[in-house]
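First subunit A sits with subunit B, and in the next complex the same chain sits with subunit C.
Let's look at the complex of A and B:
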């Protein structure tokens, strides 16, 4: 049975990008549809706050989409780390991709740590 | 105006860019232009796409009329016909027909349109099949490039420049030949207009634009926005090429030409107004 993104699973809040769109777009809303900004504001931040309040982790599943521009991922995750304490974001957020592991490296090793550069 | 015998931005960039610039200059001088393609012996789809984008753009034609002749070589005439070139250029002589060996699909817009790109890739997949791994890399190239056009191609003005995406599906060879380009200011002229080009040369100890492009592709140059967390588009495209998600990446912007498969970056004696990328997807 598929897991609903809103269901809390044990110590983790799960969020699938696929529930937002198959075709992630640009960084900002004004640049095109399904932007990283929109994803962060409407999906990531509410789940992040939910996870923090419950003392849980937020796991974002990147699989199943057409592909990502770096600016989408940077705005979604680096943008989160510009709004909230970066150590809290690092402690709370995890991303996963079974088919495209380079996106995981990119988010966890570049976009979040370098968000305030 | 006679086209070079080998009309190809990827293989003969100097002659082809010079030809494009000559057409523009003639139009700017108030002349109607006859593009003579009769003797071309090589005509690659990406050169046709750029030529077509320019003859349809008043900024280049200045309202002058552009007409053309048909290549004597039948397969080249068919590529030109398949591209829709003769829907926009008055042809001298009988108009060639397509033979259906190749398919050309084109998109153009001012916005970042990931859905349009994905739709195109699904169509290409019917002619030249690929894996999720391949399409992921190609979707990334396209959307990163759309972002670059949106943010940089218009100089200080964002979202003013149109991008073009064209793919020629050669079903016999099992190769999809993609190109993405805009006719904007180009990478180096954009940096120059923002007053950043000489600063970057000094800060990085570089002597020329070739070296700067290498640094950009390696992810060693911060974005021209001044924000360190931006400007990752071209490095990520280069990384996808290194992962072999697609083949043969060529980048042309202003007077710098890069062929990443050959690790070649060189300065041209002519300047392409805009930024152009070419890559291939091979079935299997």
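Let's look at the complex of A and C:
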């Protein structure tokens, strides 16, 4: 089996934030490097569309970085839910963090459900 | 630090001494002219041994409880320190009018990890009352503090409103964690 790091058991598209950066930054591009906006546009949205087209889930692995501002996570995932139907986003996106589980709660229970324009 | 441990030990010795004294005092009333009853001697010896054993077991149990409480309280204090550090980062960011993203993220991560450890240990210790409080802090106050400290735009300095909101949340978090020390100690 090919060692494609973006495929997990054939049913999930896996995205590691580590492939983007070790030091996630602020919310918007104009605020600094490695922003949530940049991450969403360049990594999350393409993988999300890939997952939706293939009828798979998108699993975003948050582990291994130097930590996240709440604004980064809100822009990356709440921003996604502002661009795409929120029910589709909730059904498709999963996040994981073995070391800092509060990020998972924050994204899944707050940023995505409470995403607004 | 409570001093019940040494008092318990002294009490055990006093009881043991009393038992020995009683046995010695009663010795002349024993009719040794006939013969010493082996049963009486064994009875006295068994009483002494049992008294000391019960006292030592009680002391051991007390020491174990104390050690568990001390560990939980030390973990609580680590959470308090992490919260105070986060508050310090918030204060410095506000004073310098330049929020430090890296320091903010690190301090909040440290606080989250400390709260998670505290919550886990209270759960494993079966300390339901303290766990409920720590769980509420972890699930409500901590996310609110995270939103205040790292949910805004980062080049912009914290406004006074954001600063005082974050400070109020951090202060409340510290206050509730400190109360946990009493809850843990009371059991």
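Side notes on the structure shown:
Please note the rule applied: the second predicted complex is superposed on the first by the 107 of 117 C-alpha atoms of A that agree within 3 Å, B and C clash if a C-alpha of one lies under 4 Å from a C-alpha of the other, contacts with A are read in each partner's own complex, and residues count from 1 in each chain.
Everything that follows uses one rule, which is that a residue touches a chain if its C-beta (ideal position, glycine included) is under 8 Å from a C-beta of that chain, and two chains touch if they have at least 3 such contacts.
Remember, it's a predicted structure, so these values are computed and weren't measured experimentally.
After overlaying the two complexes on the shared chain, residue contacts for A:26 are found with subunit B and with subunit C alike. Set against each other, subunit B and subunit C differ in how many residues of subunit A they touch, and the higher count belongs to B. Once the two complexes are overlaid on the shared chain, A:34 sits against subunit B while remaining clear of subunit C.
After overlaying the two complexes on the shared chain, residue contacts for A:105 are found with subunit C alone; subunit B is out of touch. In the superposed model, A:68 makes contact with both subunit B and subunit C. Using the contact criterion defined above for the overlaid structures, shared-chain residue A:114 touches subunit B, although it does not reach subunit C. Once chain A of one complex is fitted onto chain A of the other, the partner contacts of A:85 are absent, as it touches neither subunit B nor subunit C. In the superposition on the C-alpha atoms of chain A, the part of subunit A touched by subunit B in one complex and by subunit C in the other spans residues 23, 25-27, 31-32, 66-71, 74, 100, 102, 106, 110. Of all residues in subunit A, only 22-27, 30-34, 66-72, 74, 78, 99-100, 102, 106, 110-111, 114-117 touch subunit B in the complex they form.
Those residues of subunit B that touch subunit A in the complex are listed here as 111-115, 117-118, 121, 132-133, 135-140, 143-144, 146-147, 150-151, 159, 227-230, 232-233, 236, 239, 243. Residues 23, 25-28, 31-32, 66-71, 74, 100-102, 105-106, 110 of subunit A are the ones touching subunit C in the complex. Considering their complex, residues 101-102, 104-106, 108-109, 112-113, 116, 138-139, 142-143, 146-147, 149-155 of subunit C touch subunit A.
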